[in-house]
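Look for subunit A in each of the two complexes below; its partner is subunit B in the first and subunit C in the second.
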Partner chain A sequence: MEIVDLTKRYHKKNVVLGINLHLEKTNYGLVGPNGAGKSTFIRMLAGVVQPTSGEIIYDYGKNIGYLSQKFGCIPELTVYEQMEYFACLKKSTNTKWEGEINSVLKMVNLTELKNEKCKNLSGGMIRRVGIAQALLGRPGLMLLDEPTAGLDPDERKSFSDIIRKLKGTMTIVLSTHIISDVKNACDIMLVLEKGVLVGVIDLEKNNDRDIEDLYFSALHGMVEK
Partner chain B sequence: MKKIFCFLFLHTKKQWTMYLLPLIFVYVVLIQYQRQVLAVADANTMVKVYDISQKYGCLFFVWYQYLSWRYVLSVRQREVVIFQSFKKRSWFILNLFLTYLLLSGYLIWLLKATGSINNVLMISVQFLFSSVEVSLLINLIKSPLSGLMMYLIYIVLCMTECIPGDWCIINLGIMPDSYSISWLLKHLLFSIMLTGSIKIKAYL
Partner chain C sequence: MNFSIWKYINKSKLLIAMELLLFCIPFGFALFFTKLGMTGFSLLHTIVRFNFYVCFFVVIISFYVISSANRYGYKEVSEAIAGKAIYENSALIYISTLLFIWNIGMCIILIVCSNMNDGSSFFLRWFPLNYVCNITIPQLICIILTYIISYSENASRWIMSEIGFLFLISPFSEEIVWTRKPDFPIDAIWNAFRWPFAILYQNGEWSPDVQNDFQLEKVRLLVLLFWIILLLGLSILTVYKKRMGIVFVLCSFIVLAVSYHSSSLYRLNSSWNGSKADYWYYDVENKNLNYEPTETMNYRITDYDFEVSFDYELSVSGDIHMSSDEKRDEFHMTLYHGYNVNKLSPLDLDTKIQFSQQGDDINIKVNKPVDDLNLHIEYAGHHNKFYSNSRGALLPGFFPWYPMVGEKQIFLKYGEYGDMYGYNPYNRVAMTHFILRTNQKIITNLSRVDAGMYEGDSDGITVLMGNLSDCVDPLICDYLPLSLYKGYNKEAFVNEQKQSYIESLNKIKDFYGIDVSELEKKKILFASKDIGRNYTNNFFAVFGDYILAAPGYITCDSILHYLILRDSENRGTRENAAIIKLFIMSNFDDTPEVIAEELLEKLKYRKDNEDEYSEKIEDIEDWITVISKTDRTYFVRNMVQYIMNPMLYGDERDFLNKMREGL
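What follows is the complex of A and B.
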């Protein structure tokens, strides 16, 4: 997947500026201070916000899974019913729903809770439902916008484990302001500051260095892109 | 379009009690009550019957619109729904059609009982306007429950004559076919104004 000179301007202010990037089938962690343009960048990749200029070239059509920052479940529906809704939105036919829903619920360890009402789920479980709906239709690209915000450390760990297990099956872009989530779940860290991509850091190549050091070095222009 | 039909099927299945209860009220209680009103033949009988039809008809059309947007526009779901290129206009039209279908038996009964096609047509137009207005309001303020509450307050203000007649969706005490062209134009204008105010992408 290619991103060419992607720019978004709101009221004459550049929120995202001239991003050029080639994305492979691996896990990317998108980090940056508040207001860096992470959500806008993710939403442009998802196609819910149109770029002011630039281009996104998708390798696999537009089969995208998206978990928005504000995702939640309808309290009175069960996990399975909620998944039926999303399956219905993604596909035009109800054939093979059951198998696919069960398969994605298994991937996020929610099989045993599929008949549980959403109002009884914890924040972490709801985010897992969010990943499950994003996985429906076997996307080539999965976009996760601040999925770990507000989760406790155990839930964040469980979430990161699921993302790590998916590594290599698709391109995953995980936006977060929690650097340790990137360390646990991703191979490449993308650092955004004031809408500019200031660092593309291969975490395996730099595994001898502390990830926070790498992040702050990128913000101060000391990491090779 | 298949996606919308599939969604409608799930939507009604999951909320079937909320769809069914108003129908039980209309077909079991309301028709019976209006039959009793019609049995007492005096000068105001028809006005009373149509007052009842206007009030409850508008309420139920508004209720069904609320049900249709309840999940789609909930804060928890709307970004995912929009991401899937959900066609809001088709969704509205389909739900409106479903509401007319569900209440068509009542409208046919009303036509047979009163024998006045003009009045039945006119209250059908009233129901159309109330559905359009509440849907636009819900979309404008991006909250199904707040939109419903605001529109219900508007209906109450209309029924208590706190709003000038032509701006009211319901004018009690007059026959529906006496509504003026000015009423029609004002509600058309109201709907256009609400449509113009909606920027669907504003909350993205």
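What follows is the complex of A and C.
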């Protein structure tokens, strides 16, 4: 997947500026201070915000799984019905639904709760529903915007495990402000500051260094892009 | 659009309950009223009146459904999967389909109601446009506005503006009127501000007129069009972020600007310039209601040749020929002040004129004394009660919607008749030749000589248009099909009116001994009851060649009051006669026994409560005694003759003595 000179301007202010990036089938952790443009960048990749300029070239068609920052479910639906709703949007055929939904629910450990009404789920469970829906239809690109915000440590660990298990099956971009989540789940750290991509850090190559050091070095221009 | 997601929209029990209410309550009432025998017109009017509450409910349902994705946080994910506003668009179509079914169901009930209860099939071809403009389009406007607001990221903030919108379209804001003329024209500012929000039928106080449409004037249709274009533009701007939306928004405001065009609208509310406009103008502002008999004119208009068009309002262009018994250089004409003379010029090259229009008076000054004057006149305007637009016209011959020679009194106060007000039904022109051309199908006293051309001699032109049908009958010219109901069809209506006409004339002639030859053998034009509504003595008028009446008002009572009140010379005498002022309030359709008994009751009450009245009735005891002992028929007949001609007996005491002699 290729991102060419991607820019977003709101009210004459550059929120994202000239990002050029090539994405492989691996897990990317997108980090940066508040207001760095992480969500805008992710939302542009998801297609819900139109870039002011630049281009996104999807190698595998626009088959995207997306979990938004404020993801929620329809309270009256069961987990299974909520998955059916997203499957409908993804235009999966009826015959495919059942098996695929069960499969993704199993991946996120929600099989036992599939008949539970969404209004009875905790925040962490809803995040898992969010990941499950993003996985529906075997996307080539999965975008997760602050998926661990508001989760307790156990839920965050469980979440990181799920993401790690998916490594290598698709391109995953995980936006977060919690550096440790990146360490647990991602191979490459993308550092954004004031809309500019200031660091693309291979975590395996730098596994001898503390990830927070890497992050701050990137912010201070001490890491090669 | 993704229709397969509808089943997930409809999972909420609350939504299902609201949907059931949306259908059950209006449909239940509509069916109930149908069963009660309500006509199609009345039922449609009831639905139209309550459409605000349906719209209100529809807004709640729409907001609940359409804002769900935004509210619960699956909007962005849905958009990332399937495109912009995928959920909202599907929800909008879902609500629209729901309303489509609702509207189809309601139309079916209306058709059934009309078939069961109407006396004509007129309603069936009349109602679709009125239905769509008054019910369907306002509902659509409400849901599209809700769609835009629901999509907005600040939906909860914007919902306040929608609440404001609902208030402004509601009958509650319609009720904000100024009953007295304010010093600063705040009312005009408020009315101009509220105008774009008048998307629903406006009838806070004024029930519908069967001759007029349900307010389908051009300007109102333009307001509906404004909202459709505006909301389309806003949808494009807010949902799809396309600049083309700005073009739509700009276009919508152009349409709105046109909708402020001066127009004849039938919206008589209780504001000072609503149903009371002429009371305010003539009585409060001009203090000119003492009816002076028209001076004997020694000049007249002998020919009218008019092109009359009904668009936003009445527009007339034509020629008049004035003839005077002696040469003169000044002429006066009366034209209601709501019509503005744009052009008045001589047709003769060697004649020059100057004219001024002040109030109802048009003053014409000629450069030399003439006994013949040919003029070309163009004027346009409207009256708020006697409407004239492309959907309907109610222009009685006694009302100066066309220039009448001399200074006419347009609005009257009947001092002897409970101080009530009314338009002067006695204004006439000299017997004149009229030619009228119009592009509309009208009902008039003139004969139709060609397509769109009417001609004849008369002392007043009446032009009626709207929900009227011609009647092929030697006596009755037309009828109002929407007022007919089961068992009272066209034939029943014609027979009833004829019978009432004959019986009333016979009673007046035989019982009261009054000459009614001027009323006999005249064709009758029926206009809606609104011709006289809220005013006195305006339901019935006799012209040289026809009678103009509201259905059900060719009665002994209407005719007698018309004849009594016509006698302006004796108005002062009657005003000073307390017994006449009591007696004139009688309903002459009652039997003499009832009329006399009621008068007796009134006199006894006055005697027992004398202190409450500033005006004393002299010899009240004697009146009571005489009426009690006199033959009722004899007394009532003589009393009517007395008020018809007060000078016949001298004064009240003379009349009383005369009655006493008869004992």
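Following the convention adopted for this analysis, the second predicted complex is superposed on the first by the 223 of 225 C-alpha atoms of A that agree within 3 Å, B and C clash if a C-alpha of one lies under 4 Å from a C-alpha of the other, contacts with A are read in each partner's own complex, and residues count from 1 in each chain.
In this text, a residue touches a chain if its C-beta (ideal position, glycine included) is under 8 Å from a C-beta of that chain, and two chains touch if they have at least 3 such contacts.
This structure is a prediction, so every number in the text was calculated from the model and none was measured.
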item: Touched partner set for A:70, first subunit B, second subunit C, both or neither; value: both
item: Subunit B versus subunit C as contact partner of A:90, first or second or both or neither; value: both
item: Partner chain(s) touched by A:46 [first = subunit B, second = subunit C, both, neither]; value: both
item: Which of subunit B and subunit C A:207 touches, first, second, both or neither; value: neither
item: Set of subunit A residues, in rising order, touched by both subunit B and subunit C; value: 43, 46-48, 66-68, 70-74, 77, 81, 84-86, 88-91, 133
item: Complex interface listing, subunit A residues touching subunit C; value: 43, 46-48, 50, 64, 66-68, 70-77, 81, 84-86, 88-91, 130, 133-134, 143
item: Subunit B-touching residues of subunit A, taken from the complex the two chains share; value: 43, 46-49, 66-74, 77, 81, 84-86, 88-94, 133
item: Complex contact set, residues of subunit B against subunit A; value: 2-3, 6-7, 10, 14, 71, 74-77, 79-84, 86, 201, 204
item: Complex interface listing, subunit C residues touching subunit A; value: 2, 4-5, 8, 11-13, 68, 72-74, 76-82, 86, 241
